[in-house]
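Chain lettering (A, B, C and D) follows the sequence in which the chains are written, and residue indices restart at 1 in each chain.
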């Protein structure tokens, strides 16, 4: 029987279309119904237009249903895919700009750190709503594939509190796998890897090239690589200190650790501004903003462009379509997935959300026991996991105290701020994001009052007036028009999850 | 670089040759050196002759080294394969015959129950010697593939006390998989299964045919299958009571449970004498004896027979060659392997030896977390695991008290005997097997004295004079000559691990 | 503020009055309100009369509230004590008599084995009702002290499914502790013990007399003890085989193990008929029946007898009053309590109900990690735990299949019966106890039909016509009158939980 | 039989004499032999003189053996008590002074942070030597009571790698307990507490005053306490942020967390210089130096002073004598002890060293399951545990990389330094402490060379020239003479473990 796949947040232009084409590249899945839903009727309509053209052009039996009624989309779904960005760019801007006033200079801000923690507060209530709908309306044992960040906290909440079987998907491992192959002068397919840890902090604990363990050679190879030695300085430094390469991009990694972004005058020694992911202050916010602006301008042109031919040659490396193919057709697939830790990584807390290799086939998704992480990798991941747990629980319960404790224990926030700064920063973020935080509705007025009292009493902490150590200006549509091809690529890349062959983005 | 594979117990005619051909069927492994060793120079020589003929006939670069010096064989090995039967048929006979006097009527006697427990006492000291040699002499990270029974106890001891990475291999899952496919009227490849439990007590916890869960349909299908309804009565009854089909053959299963062989007058209601594995008293002992006798007579004819053409068409379903292929070439393989339980099955004790699905590829062997077994399956497996633990620890320490406690807690022994019978039976078996039990050297004289004292004092328990409820006579070579083809098949099947397409043997 | 203690099943004459006096012996607790409830208004009234006399006689400020409205009794309670016997003697009789027809000869039948398993089916639904009331009505963090059997299953269900903090209390450890002191020729206070296991199968894993470990001396001392060598033959045999003394009385122990009651002609070799607890068939049923009959006759005399003086000299060894005293006054207490296994005993399943030493004081109840049980003790306990888990889950869900699997895996049932006998016996017990099994309401008609079909089809298993191997006749009131003092002691002892100095009863 | 107690590091004047008197205050222990050993014959002689006078004066049968032959002291000991300070004040000085050059400003430096990590490197090899001696020479099951810091790492190493049953003892919980009682206006005995966590980071997760939970009232009470509001600012701030009071003194706590000592200009806002433990830079080093200097001058006067009368009135709150009394006489004791985490605290890693309530009596030491710590407490403790694990493993293996990773992950070091600073600081400390680091013998020359290369190449990180934010000058003996009473108190307090009624010192 043909599948029904619900896509929540389907207004994400790049990703939705990408995943649809990936799935339709599998002949057995050609008759799939995609039930697309979004809170923006306009975005949904644009995406649906593009997708329908693709299907028609390729003469496939697939169908698109587009509706703003989420429950209608979820009804009877075999799979539910989520790519929402709760609060959109409006909320995202405050994730970056408020912490800057307190000295916390983030590049992406969607995983942990001040921005990622607040992002979880916005997203988890929405996801728990989806989970309730899935439990009520979807097929029994429907699988929830989550692409929304913050991946670890979201997937954790869906499994534990949403009570829906949820797998979190990210392409960070593939991106770093490409890099390792490149420094080895090898093809990716000849480099065998086991990566383990937590999303955006997954470690290549085993790297084999033609059967030989090459873990110990990577540092020298990366150090002498002409490009990576410039763009991946933090990543290489972490490899130097830890002995293991991490999945995480230079910019992302910099904001999860206490060591590289805490001194304003050293940030630029570690990052690279040739690509936002290498460390630019608010880089992802900028590129998302530009992408959105461009897409709105450029949409008519997208409709004129000839649709791509769907097929294996066009298929991306995103896990989603491969998992569905494996489960439905039995064609085996190995990838790195985010799941609950049930003894898989012994030296991370039981029950947290980890990213490890998994196997999908007709028997389901099988997640092997990995054992212990190297101690330093475990220590670094553990620090994040503790933050995630407090932030996730805070998001579920609407607990301001726990939220502030999460912020306080965040490695970069804790290295930069003192406790009172953390308290006031959190209050300010709660107030600024009030409309996306239903669970804090009764708490936010008190936060607002506390801030006002501090202003009145002169106990407000000292704020910095800065755009960050490494901020680039957001381009206007006119500026972008000068290089439309790049702008279009950005517009697609701005969407969550787009994997391109040149990117090593692990968001 | 070509592999070196040490084979311990290589005098096992059927199995050694079978596995060699399986491995040589993989083109990348054609230059493998097989370092064969056995305590019997004569058997080793016969097997080596046959294997060398096979290699020459197929014009392969592989080499055979045959030596009775075990350490020479193990030196520099990449893989070590063990197929020994410690004590041979001489000891095996006492595993069957002594318990019969106490009312314990076994079919195979090589897993748990009185025979299996004593088999572990003989085998584990030998395996720990091999492990010491492997740690000292083999390649670093060499993999030990154990085929010797009792599988669970042996593999447990090698991993825990031998401190060698050991995987236990059995084809029981494949045998039952064939049966399930047959009752479904399907091809095996279209039936997807997850089996989990302990060796010889592994449960099909998920069975899907073309994506549909058919677990609930199996009972009816087996009940109406013309052959299985007669040959697999216990297995089907267990399916009826538990809701899950087990890997274990009818005869084997009957001796692990307290319910089917405890009343002498009911045994024949449950078993079938058309094939030894269906429940014949001492069936495996008979067929092994016949096989050995026949092989010694028939060997000259084997040398005259044209060697088989090695290649995919000739390859058996034994896991060994597929695992080596997967690890060496990266060609993925999924099978059911025996490993230490490290959270894989949550409701069996941590650290015991379990049999679950695993994936082998260039990254190594990955063993997924299975979760909980159904409660009744867990209860039955747990009873065996507790026996295994006591018996395995007893074998390592030479602890008579613990050995007797293992016997006492064995499901069938405990259902048949009272404690004093268990104590005297164990003493009698210790005395009878003295020459293979170095770890009990200082304890056995006391056991002998206890038995003598009981005789003298009239406190010897009442013994039964019986050949068992369902015993067949061992055929003479002359009798076997009348059907030489069947005898030859038996001779091969008598060896550990021979997989034939018609057999559902799970030993 | 004075405490409020709800007592459910307060119609248990001996126990209710005993516990009230124990509590009132603590000066700080003299103003306690006892809110007594029972389904029998008559029994409740008799007990309340006796208790009020005791309070008045001792001029204490305590109060008795007696009501058949359970929720009224529970409202605002600090502690809730449960001593119910669900189904009373009417149901109890079928727990003993039906299994006898299938060869299962029980002495007590209230823990595991056929009777205990069915007792759990009746009791757990009632306890879950109490738990719901406690969650809704009692003080926050009220503590539930359960004395009702089957202890382990009941306490497990209350904690896991009732979601009420429940501690199970039994005096079995004290009874055996007295015996150990006696064989040592010591006073109990000079013998230090650690007992660990599950209720009614708790093992003295450490016994010290004046600082010296005397575990290894116990066997010889018990063997030569003039009384125990006759009355405790099974217990001593288990000590001989296992190396550790068990809390359990001879009669009880005999029905938890596969070895001593399975052969009808050997039962009398192991038991002693001088006291019901030593192994008499249906002994506890007899004594409870006699006790009840006598009490109804004798009640007027109880009212004439001078009430006892309440105080330390009158206090029993039951844990209940000591725990309450410890929690309320801070006076430390060490006892053996039944709690959920959260790593306390490492080689029993996590989450099962265990009995181990605990400390109570003003900080609460602290339960130490005990570590591993000796392997044979763990194996025997584990077999019971698996049965308990299936039976407990069956009771909660009303799952007939699981109930039968529990029966099938019961050590004694499994040693005596074949699977079909287990199936039919369970169906017969379900039908007989229908009125106390609301959770099976929709399933019992099918069980009745199955039995009828078997009768019609001639597939009913062979039943035995027997009163059991060692049954005594229940005395009439007239017979009892001849020794009124003994009858009165029996009447009190018949109630759950009465500790007398001469008794080693571990029920 | 009288006990034999070996005391290693017995040259610690205050502590050795204190503990001896504590033990001799127990009548049953009056005949104890104290086998004192130290590497300093001179200190040992001074202490032995004082102790012998005490025994004679009190006319007790106890004996003192004093020997520099450690193995002779350990031989046949029932208990072994360790109070060594490996490397003495000479090494200690570098624990404080080198990190200061890299911006790490410590108050005590003996737990984690740069100083504590190096202290473990020096101490653990010595402790493992003691453990080997204990395994070989002491009584079977002898108990090792460790008072030496860093407590958690030392106790962890002794249990895991020394394979000796070791309990770590500290009086931090008692100190904070006194404070809590004081703010409540209560007597300590009326305040019941459960503290749980790791040594020097143990949290009062339950505080009851006369049965009422007062956890939520503590913040306000401490804030308004005239003294503590000034001396315990960090501790109170942590109570404000976390909701739970910690055992740790203000100065100690400040160096375990990333928030209070990282900004040089804020340190003095948080600490108090009236007592070294409140935060003074290198405060403990200063007071230990003064104490040692004074003792050497003042010793003749100590000999003239009348010895104290030994008895209950003179007994300190140190756990040691109470544990020995409890184990030997059965007199129950409840205290907070450092043990391996075996499920006691569920949300800290299994196998780490935790501090929780324990009960000692004739049955041994029983450590209850505590459950989960509050999330923020768990996060903070977990960060320390990860550092401890890396540092402890590094100390055992002599692994420089792991040692640097421990430093890098230390909360305060990580908040202050960048990775290259951590690397160079560690190398400098290794070189400075070479003579106490036998396990790094082959590694230290390379560290020395790396530092020289950095000097030569101009890649040495920038060093600070500072005595720290809050350093006091060490007094000369002349200065101390002006207040001899205070100096003498300091001399005693300078020794590890001295508990005085006014001190809240948790070292």
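Definition applied: contacts are C-beta pairs under 8 Å (C-beta built on N, C-alpha and C of every residue); 3 or more make two chains touch, one makes a residue touch a chain.
Computed from a predicted model, the values in this text were never measured in an experiment.
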If you apply the touch rule, which chains end up adjacent to both chain B and chain D? A, C
Name the chain whose C-alpha centroid is farthest from the C-alpha centroid of chain A. C
Quick one: report the Å distance separating chain A from chain B, using the average Cα coordinate of each chain. 49
Using mean C-alpha positions as chain centres, tell me how far chain A is from chain D in Å, no decimals. 44
Centroid from C-alpha atoms only, then distance chain A to chain C, rounded to Å. What do you get? 56
Per the touch criterion, the pairs are A-B, A-D, B-C, C-D
List the residues on chain B that touch chain A in their complex, please. 192-194, 206, 208, 211, 328, 330, 332, 334, 342-344, 346, 357-359, 361-364, 366-369, 371
Under the stated contact criterion, what part of chain C meets chain B in this complex? 237, 240-243, 258-260, 262-263, 266, 347, 349, 375-376, 378-380, 382-383, 386-387, 389-390, 393, 401-402, 404-405, 408-409, 411, 414-415, 417-419, 423
